[in-house]
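Okay, here's the structure, questions in a sec.
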Amino acid sequence: MRFDETYSGNVFIKSHPNYEESKAVLYGMPMDWTVSYRPGSRFGPARIREVSIGLEEYSPYLDRELDDVKFFDAGDIPLPFGNAQKSLDEIEKFVKRVLDDGKIPVGMGGEHLVSWPVMKAVYEKYNDLAIIHFDAHTDLRTEYEGEPLSHSTPIRKIAEHIGPKNVYSFGIRSGMKEEFEWARENGMHISKFEVLEPLKEILPTLAGRNVYVTIDIDVLDPAHAPGTGTVDCGGITSKELLASIHAIAGSDVNVVGFDLVEVAPIYDPSEMTANTASKLLREMILGWVK
Amino acid sequence: MRFDETYSGNVFIKSHPNYEESKAVLYGMPMDWTVSYRPGSRFGPARIREVSIGLEEYSPYLDRELDDVKFFDAGDIPLPFGNAQKSLDEIEKFVKRVLDDGKIPVGMGGEHLVSWPVMKAVYEKYNDLAIIHFDAHTDLRTEYEGEPLSHSTPIRKIAEHIGPKNVYSFGIRSGMKEEFEWARENGMHISKFEVLEPLKEILPTLAGRNVYVTIDIDVLDPAHAPGTGTVDCGGITSKELLASIHAIAGSDVNVVGFDLVEVAPIYDPSEMTANTASKLLREMILGWVK
Amino acid sequence: MRFDETYSGNVFIKSHPNYEESKAVLYGMPMDWTVSYRPGSRFGPARIREVSIGLEEYSPYLDRELDDVKFFDAGDIPLPFGNAQKSLDEIEKFVKRVLDDGKIPVGMGGEHLVSWPVMKAVYEKYNDLAIIHFDAHTDLRTEYEGEPLSHSTPIRKIAEHIGPKNVYSFGIRSGMKEEFEWARENGMHISKFEVLEPLKEILPTLAGRNVYVTIDIDVLDPAHAPGTGTVDCGGITSKELLASIHAIAGSDVNVVGFDLVEVAPIYDPSEMTANTASKLLREMILGWVK
Amino acid sequence: MRFDETYSGNVFIKSHPNYEESKAVLYGMPMDWTVSYRPGSRFGPARIREVSIGLEEYSPYLDRELDDVKFFDAGDIPLPFGNAQKSLDEIEKFVKRVLDDGKIPVGMGGEHLVSWPVMKAVYEKYNDLAIIHFDAHTDLRTEYEGEPLSHSTPIRKIAEHIGPKNVYSFGIRSGMKEEFEWARENGMHISKFEVLEPLKEILPTLAGRNVYVTIDIDVLDPAHAPGTGTVDCGGITSKELLASIHAIAGSDVNVVGFDLVEVAPIYDPSEMTANTASKLLREMILGWVK
Amino acid sequence: MRFDETYSGNVFIKSHPNYEESKAVLYGMPMDWTVSYRPGSRFGPARIREVSIGLEEYSPYLDRELDDVKFFDAGDIPLPFGNAQKSLDEIEKFVKRVLDDGKIPVGMGGEHLVSWPVMKAVYEKYNDLAIIHFDAHTDLRTEYEGEPLSHSTPIRKIAEHIGPKNVYSFGIRSGMKEEFEWARENGMHISKFEVLEPLKEILPTLAGRNVYVTIDIDVLDPAHAPGTGTVDCGGITSKELLASIHAIAGSDVNVVGFDLVEVAPIYDPSEMTANTASKLLREMILGWVK
Amino acid sequence: MRFDETYSGNVFIKSHPNYEESKAVLYGMPMDWTVSYRPGSRFGPARIREVSIGLEEYSPYLDRELDDVKFFDAGDIPLPFGNAQKSLDEIEKFVKRVLDDGKIPVGMGGEHLVSWPVMKAVYEKYNDLAIIHFDAHTDLRTEYEGEPLSHSTPIRKIAEHIGPKNVYSFGIRSGMKEEFEWARENGMHISKFEVLEPLKEILPTLAGRNVYVTIDIDVLDPAHAPGTGTVDCGGITSKELLASIHAIAGSDVNVVGFDLVEVAPIYDPSEMTANTASKLLREMILGWVK
């Protein structure tokens, strides 16, 4: 993690060398210790940066180039292996500084629990905050086998913190019965299975709102993102996810922060998942950082 | 962890501990000796069970939980390596007992030839039987390089046994010219390339019928199921296959047995194929065992 | 490379043993030295032939068998490793002979630059030539890091050679801003993101024209073709690519040569990419060699 | 295949069905949350059991069969993901019961930190305890980036607990300068690089002592055990490790417990590491449980 | 399979185009249907040929080039998938013709059972035959789970056929207690664990004898040959196996046939096993075909 | 490539931030276009740096830490893809500057041809230069299929340039007959198969000489380095290679430059080859930069 130019580490293509001049700050959160199934997302941020050299800098979708947006790559936040609470504290501290400096936080996971302290910090600054959440899983548990700090809980935590009515989940195709019931009873929005169509209906209702977008890469079908901890078939295509990103870019919401999590490279020898993540980030940065 | 003899190790998630009380019986048929291309489906059942621990027990598609259905996991049927005839005999013997005990047989392959003795046994019990068959391949050969016991022949065998008019194949995109001609000339139904739409048209015509459903995982496009012996592009998505399973669940046919075959884990380092198979089985059990 | 029957090497299934009697000639161009990202497509042709043994000889799409078309497999053109200019010269020389002998050249790459000398030679014979180009990338650069012989340049070279108005690209989703601008300013057709629908609109305008078709396998989404040098998400399905091949087959264009390039087997442990390439070639041969 | 409740699925080959009658108890400790590099050893115990079906039951090295030793496979100890302290507590509780019941604990990791509570519990029962430790790494850190509960610390913890003079490390080829110095200054034995020869010299000096043996699979060269978190070249062969196990079996020490840790299957597509671990465990059980 | 020059298939580097002129005949036996663990050796012969193009034609060990020995590559013997008896019959028929034509049979497996009909045919011609057998496994079972045609039985079959005293096994480290006992009681030679040293002692006693050598690639440690069905640690290095081949070459035995079996490429993404097999075959051909 | 501190790229662990203050300069030469078999070594330098974070900074072999040696990581030299001559020119220019600045060049390949311009530049400065060469292959060809710029030629080029008597090759086990003959006739030293013992004999004869050491990772057996272009069995262990590095460190030669080439990560999913390369480089830097 760095705030100056003297850092020497693997960085995202076309990231800006200067923190102060940048509008957005990209950072990695290499944590995977609370996952209940396959670990490995700690290596997600490093691999996404590495393969980003294969990216074109120009988006033919948005007709915009990475040089048009100043974003600084701060590297990975150093996290104490195996200590979830302390890791979340470090993330929150870092993101608060980014927000205090008036910049947009752009996170790369790591497991989904890392989004919890980020969303909390963003909410502190923007108290009208709405969450747009793309995922295969509800992530609405209160705990997992007794542990309240689990990768299955971040959306529940933020929903209880900012009010379930302000949380909009899309693409959900897995969860406990209780999670779906809790969402329904508490007025939280869940679009089951689909993303683009329901998103297009919701976006106008959020016009003018400050929004944080959190994308779990497993919202994609395993065919499109095999390199993740918990693959779950029946998902959407990368084409649909790109279109969803562009729908947000073309809407009237104000994106004040966002992340992409759960890329676990070891399960994908073709490296398509990391390559896809790097392209998604390019589109998110080009489309949402205005 | 256990301290007594009732421990059950590698079994499908939420399978019932008691055979007698169960309505359906899950079993593996770890045979792959007659395949003409890539072997390895003998390890399908074991890997499907292993990854099933990553499954949620609840289906948001069907609003039903695995606890709502009593199914017993009987493990794998021991088969003599390299002896096709004796293997088929063992399978038939086992399935007959399951049927005699009034339970629904739920098989996991193994190569597709294993379905032949199962369908024969089911037909013995239900002589109005119709077969619903999802596959990339016709499987209508009479022999393969001289061998009548081949993974390319099971649908031909059952079609001749119960009458071709009672067999409905969907998603077929590969076969010899003669196979397609035989089907056409004998009144067997083949939906080329597509599954869901033609299935929706056929299902009402089968209302009230006893039906056996056999799914070769390679009906899916290789993108969705790389871990199988013979990948064949141009297939359907896992989303469409899920919808097809749900279409059968919502129809008026009476499913009296079913199987899912040809998962060969070694060709899929991401394990998405086994994960997909375990979810498909969950949906089949929840949707079809009433 | 051979022109007689005494050759002993791995050949494509059902290729004809005699050069003189054949209407089309299949050949490999195992070159990958100018690629800017992941090499390995030199092994594409060999692996495509190897897995072709798993193919059915009959196409249920076109109701035609490989025995109905005489095509000769000439093996791989020997190319000097690491010498791009000399390699291209060898390819051009070989293809000229094939054309002089009145046969249709059917190439397997190798990197996309190999298509440049082929298209040049075909244009020499058919000066009303139009190019149909399926790809994720524009390939319209003039050079790459100073090198005019680069896998990013073949479409620019042929467009300048035969006139940009005669080049039709489909499925493009990656390129520099300048490349898209050059195409627009010079009247070259680019269909961004989509293939089948725009192709169906263009084909009637090409009725009666001689056409060369060049397919970069990465026009497919990485889910369908992970085994290629530069994966780029948001692509089309293999189902759509098959339909596009069939659309050309059913149109009034006269296909005088074609190729399929950029299969790099090492990135795809499931071998689905090579299997898909072999099926695409079967459909192209059955549909386009009349 | 089973028709009753006494079925035991994924267990180590030839493990005894009855806990009370068994002399040794095998158990998995699927924890990997404190590792600083590549996670995945949580899946070690399950995969070792799975591949054990490929093992012969007879050891031609020791002329003894698994049926000659009653050992019970208790399955994996359920551990709370991401909570190191609680996980260690669970392990300690389990092992204490095994020891109280007069049985020999035989552990499978998981990361090396899991050995710490086991060794502590064993020392409570046998206060003349010596530790024999095979590893590539010293594991003598006091903390890792601030965390005292780290996979780099278990040998330091037990050395401080039972006295460094009672700890004998073999095969060590990696560590911080300070770790080697601490060992030297405190009278702990470290054999750098080599295992068998120094072991043969040490064993006679331990005659009659109660000994716990802990083996980190990475004591093997990566050529012999690629499936582990931190590969480190320059290690010993599996042949030498087998000979070392047999040297202990032939000595006069009294092995009162042992473990094998750090098998991480995902990094080894050939599965040789899990296969090797299962054979090592067979030899350890046959040689050390008398 | 072919006996003339018109065949077009993948062949071993520098094999001679003419059957009649050749002294030795190389052929593949792509059978793996009786293996009890991991199948896939059916693809061994094809992959060994494919990677042989990376071999140097000259052996610095023997100072001889492949051009110095005329050997014909007859391709793979077509075998009926899943029918063990018929497959063995086909192999026997083919090898008899090779022997009748006065040529040395050089086989590539496939599973080890394929060696049985070959050795039987060779014995018919040379009734003083001795067998030299390199393997990790005894292969002395009479049946496997009831099947007398199993990959665990070929050495038992030939030992009973030609007399156990004429069979010399080296490197054995796995088998049932009964198998070792049978060998000892019947005067068959088994060198446990080691190869080179005991071989050097035995060879002089075989001076002048006609010898068939059968090598199961799993005599190598898994580190050196991960791509095989049943990996078993504690084996020898490829350096030792090369030296053993050279020891036979330098001895006074008369090698009248030989094979190399059990290469299963799918388990070895690095392809080192097939590469090693191709080099071993080069050395065997250069050293043994005189 | 950089000469100042503002660079932001992936660097080797504990490299010094300042070029001027450093005694040695590490750089990557990501070229693989002339290889005749499997490409991919262009990604060697990046992956070696990436995995170097898993290295301990201290060598228990040499009792020295990376902090004790100032070495600067200059990144990769930008090379034009597919243009061999221009690439070699760029390398030569870079290395000359490093030498002019009085620093020791430490190269990472890339294919072996990259060593040729480096050795030429070093010879210009030190005209008593001797070359110590570890490799499986002679690399003494004059051309490969007509190309004088080939990965099979660098040792021939330098031998002719500085005199064959000044070149010492070790571990060679592959090459054409002519290459071995040329070496013998011209007084060049080749130790076939072995490294450590002959090296120990040669080193005293080189006392006081300036020496460049070039290591092709394939001198290791494929078991120890599967991730390379041309695997060749019968090689040495990583333990022996480490001992050879230490033998040079303990000798009286003056190492004025060195490199490690041919690491191709894609062929090694376990990443052991890159890990081994990073440890070898640590030992080379600690042992040879005095």
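Quick notes on this one:
Order as written gives the chain letters A, B, C, D, E and F; numbering starts at 1 within each chain.
By our rule, contacts are C-beta pairs under 8 Å (C-beta built on N, C-alpha and C of every residue); 3 or more make two chains touch, one makes a residue touch a chain.
No experiment lies behind these values; they were computed from the predicted model shown.
By residue number, over half of the touching pairs seen at B-C are also found at E-F, the match among E-F, B-D or B-E. Each chain's centre was taken as the mean of its CA atoms, and the one lying most distant from chain A is E. A straight line joining the Cα centres of chain D and chain E is 38 Å long. Separating the CA-averaged centres of chain B and chain F is a span of 55 Å.
As a whole-number value, the distance joining the C-alpha centres of chain A and chain C reads 38 Å.
The residues of chain B that reach two or more other chains are 38, 78, 221, 223-224, 267, 269, listed in rising order.
Pairs of chains that satisfy the touch definition comprise A-B, A-C, A-D, A-F, B-C, B-D, B-E, C-E, C-F, D-E, D-F, E-F. The touching residues of chain B, when paired with chain D in their complex, are 1-11, 17-19, 27, 46, 49-50, 74-78, 94, 269.
Contact residues on chain A toward chain D in their complex (touch as defined above): 32-36, 38-40, 42-43, 78, 80-84, 144-147, 149-150, 266-267. Only residues 53-54, 56-58, 60-61, 63, 65, 221, 223-224, 237-239, 242, 269-272, 275-276, 279-280 of chain B touch chain A when the two sit together in their complex.
By the touch criterion given at the top, residues 37-38, 172-177, 180, 192-193, 221-224, 226-227, 230-235, 267-269 of chain F touch chain E in their complex.
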